[in-house]
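What follows is subunit A paired twice: with subunit B in the first complex and subunit C in the second.
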Partner chain A sequence: MISFLLAYITITLFAMLFLGIYGVATRSNLIKKIIMLNIANDAINMLFILIGYRMVFPVFPPVYEKHITFREFLEKSVDPLPQALVLTAVVIGMAMNILLTTYAIQFYRLHGTVDARDIAEVMRGDDE
Partner chain B sequence: MKRDILVAVSLLVAFLFIAYAVTVKNVLGLGGAELRPLGEFYLSNAFAHEGLTSHSPEVVTAIVWNYRGFDTLFETFVFFLAIMGALSVLRLTDEQEKLVRELEATMPHRQMDLIVRATTKLVVIMIIAISASIALHGHLTPGGGFQGGSAMAVAALLLFAAFSKFTLERKGLTLKHTISAYAVGLALILATVLAPVFLYNGKVLEINLLPGEMGLFNLDVGEYLAVAFGFLTVFLVLGIPEWVFKVVLRGELND
Partner chain C sequence: MEIGIVPIIPLGFAFFLPLLGYFVKSRRVIELYALTASILTAYASWKLFIMAYSSEEPLVYFVGNWPAPIGITLEVDRLSALIVLTASILFLLAMVYSIGYMEREKGIHYYYTALLGLETGIIGALMTGDAFNIFVMFEVIGAASYSLVGFIRRDGKAVEAAFKYGIIGALATSLYFLAMGFVYASFGTLNLADLSAKFHGIPFPVTVKTFGDPTLALAIFFALTISMVVVKSANFPGHFWLPDAHPAAPSPVSALLSGLVVAVPIYVLARYLYTVFPPEGEIRGVISAVLLILGASSAFLGSTMMLVQRDIKRLVAYSTIMHTGYMFMGLGVLSFTGLMAVTYHIVNHALAKALLFLAAGSFIHASGTKDFEKMAGIGKSMPFTTFAFVVATLSLVGVPPLNAFFSKMLIYDALVERSFALGVVIIITSAVAAWAYFRALVYLWRGKPREGHHHEHEHSHEGPHGHENPYMALVMVVMAVAVIGIGILSPMLIDRLAIPAATQAMDYRSYIDAVRRLAERIIASG
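And now, the complex of A and B:
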């Protein structure tokens, strides 16, 4: 049962990842592209956390506490390294988000559209 | 349309292949009960490794501080670059800013109901208390400067929605002040990072960053200030109403 649940969660995360890539590739609205990019980003972060998980009971967070012995801590605690990597990835994702959203908003204010096909036209019109 | 189907089919094939590899063949090694050797090293050595450590009981924070200090520092730089990129795209000249202020003064002063405002006041106080607790306990419990700063930015967004941008600006929360607070946070981070150079004769590459709880606490507070006010700066610029921006940018008069 528990292995079925784990496989289910993993497949769902991969489906989210590919759905995000599909959305970025096919939608022409920039805001939709940004949303799909975020979905793909979050799916990857969740996958990282899942890789660090351990199938033991009860499972502890990687925080030392007084009432746990060190041996018990090593046996029951999850892997802290994926969490440390995701910590950085979250901040970078946030920074990317700010920049992309700002560009989309400014483009809308200047040219009145966030559609990728219209943007190509506007750019062509600017050159002539 | 035909191209969309092509993309969908190819991604579906890739998805099926990866799903087979992950679930049946278990290439990622999910669901094991034993710890990976690297994880075991970090769990056993994070608190008291030889040399100078942060002495943080939280292993994720200890990894970030003891082994990945420059990673954390350059992450702050990336965030700084993103905020500066956003500001340089959205910036206005002095005459344009004067025009924006004149246009905003003609607008009717809008804010939400008394009930919404009173509730928002209560909730904002609680959110700020929680964000401070997340940020200032960052070296002992899960959480830290970035998480606390993000929570603080949410409080600012609530104020934006319930009151208006003008109410905040009249209370003294103008763009200049938020940028100054952002700079103070960044300066605190930079001082924490540069302190080992003066304290330990330039051995900055050997001991990474300032050891002990004091350095971590300083970085937490600096990151908290920087993230909260960096977000707030972008919100303040984005909070200018759409039609005002259009009038200023396109030189069109609204009808």
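And now, the complex of A and C:
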């Protein structure tokens, strides 16, 4: 059962990742592009956390406490490193989101739309 | 000197610059501050370069004194020290050039902040010895370059290009992050020296065994990393953002983006392919074929698209695609000559391409248009700029006494070792590019203004007059002299710089031992 759940989660996350990449490539609305990028990023972050997870019961957080023995802690606590990496990636992703959203807003101010397809027509008009 | 200080200098200066800009309104003070920062960085990189070339093995620094597999490691060998030196000198020159180029822009302290941030990212990515840290540094480079591309916010094209670059760059670095997941799940570490030790079966302190056979994880890792590098270094299927993003940026930024930012992913790929995981068996053939095919496609695409451009910066941008294609092909040979040629080409291409963009920027600054058919005849009134433009084009095309000729020849040698047809790709694409540059030069030097345009310079009968800014002219002359000088000294520089760099980069044993010895010493001393 637990391996079925693991496979289920993994497949779902990979589906999310491919959906995100597909969305970034095909959507013409800039805000939708940013949302799809976030979906892809979150799928990768969750896959990362899954790597550090332990398939044991009960599983402990990676914080050592007095009431469990050290050996038990080693055997049953999750790996803290992927969590630290994901924390870094989430912070970076937030900065990237702010930057991209700023550009989308600036775009709207200049062209009155956030749709890349409309903008392409405007650009072509400029060149003539 | 501790080597850890080198990326900290631009970072520290960048951190306080917005605050300074809030209180000090003087443009001169901010320019002086940024110049001080880049001069200090260039000096520190020079020291680093001397140290790396005089030491027998790579220099190692543990951030926070945490030993190797636990903390972040900075590891500098000759290959990275050479590119760090090139980068910091180019940044210094671009800052001087920016004083002239950005004289009409507002909010200059944000511009210099992003520029120093970009320098931090590039130096950090070149110096790091940690796979995850490379991801972080790519995001630093990314954030700085996306903001610099769209720095002129009133320009709709710049904003669109910056958005496109930003979203595709963020997606590419995310894929590299996923690759880190596969590596960590199978090797249990992200330190480059530790990864290399496990791959080669060499013992390493405080670490775990690999989880099962790493072949599949390595294949996925290389697939994802190469897809990241293809996008970030603008090779064929991932090149589409570059012809919009690089021309839209202010010219000094275009110079740095085209010269250095596209070279950093190539360096990272070289580090993985030659030092950390030198591929063997089936995977070697596949990676080699992929790199050669993508590189040749980008070279053909870049050179043919150069022929149809009218925007002078777009022309140069397509030439960047062609040159990253050459670098990919050089890496794809997977031999010592290939790595040595690519190392030397990264340095030469950075110098010549930056000079070409700066010269193009000087023409644009003087004439107010990017279309070289409209600035026809401007070359006569701007002698220094024209000289720089001619030197840079001749160098990039590959005319013998200039620098890029020698590195192109080395790449040609490396490719001919594999197959003669690959060498022919270099010759054909160079010839096509030469024709495109020649066309631009003819317009700039002696072309007559086309009929039907009268908004730029109706007041003048003999074409536009350019006024050369002294800062910009100084930088261009210095760089043109460097292009010629490096070209003439090339036979010596190849022996003294490129060959030791490539030799040390391929010597994985000393790369691992340098880190291991220091880590064991720290652990033994408690």
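Assume the second predicted complex is superposed on the first by the 120 of 128 C-alpha atoms of A that agree within 3 Å, B and C clash if a C-alpha of one lies under 4 Å from a C-alpha of the other, contacts with A are read in each partner's own complex, and residues count from 1 in each chain.
Following the convention adopted for this analysis, a residue touches a chain if its C-beta (ideal position, glycine included) is under 8 Å from a C-beta of that chain, and two chains touch if they have at least 3 such contacts.
These figures come from a predicted structure and were not determined experimentally.
In the superposed model, A:94 lies in contact with subunit B only, and not with subunit C. With both structures placed on the common chain, the touch criterion links A:54 to subunit B but leaves subunit C unconnected. Legend: residue contacts after superposition of the two complexes on their common chain; A:103 is shown touching both subunit B and subunit C. Shared-chain residue A:29: touches no atom of subunit B or subunit C. In the superposition on chain A, no contact is made by A:113 with either subunit B or subunit C. Judged by the touch definition given at the top, the superposed model places A:83 against subunit B, while subunit C stays out of reach. Judged by the touch definition given at the top, the superposed model places A:6 against subunit B, while subunit C stays out of reach.
By the touch criterion defined above, A:40 lies against subunit C but remains apart from subunit B after alignment on the C-alpha atoms of chain A. Contact comparison for subunit A: of subunit B and subunit C, B touches the greater number of residues.
Contacts of subunit A with subunit B, set against its contacts with subunit C after fitting on chain A, overlap at residues 21, 51, 81, 88, 92, 95-96, 99, 103, 106, 110. Those residues of subunit A that touch subunit B in the complex are listed here as 2-3, 6-7, 10-11, 14-15, 18, 21-22, 25-26, 50-56, 61-65, 70, 73-74, 77, 79-81, 83-84, 87-88, 90-92, 94-96, 98-99, 102-103, 105-106, 109-110.
Listed in rising order, the residues of subunit A touching subunit C in the complex are 17, 21, 24, 30, 33-34, 37, 40-41, 44, 47-48, 51, 81-82, 85, 88-89, 92-93, 95-96, 99-100, 103-104, 106-107, 110-111, 116, 119, 122-123. Listed in rising order, the residues of subunit B touching subunit A in the complex are 3-4, 7-8, 11-12, 14-15, 18-19, 22-23, 28-36, 38-40, 42-44, 46-47, 57-60, 63-64, 68, 71-72, 75, 78-79, 81-83, 85-86, 89-90, 141-142, 144, 146, 150, 234, 238, 242, 245-246, 249-250.
Residues of subunit C touching subunit A in their complex: 132, 135-136, 139, 142-143, 146-147, 150, 153-154, 156-157, 159-160, 162-163, 166-168, 170-171, 174, 177-178, 180-181, 184-185.
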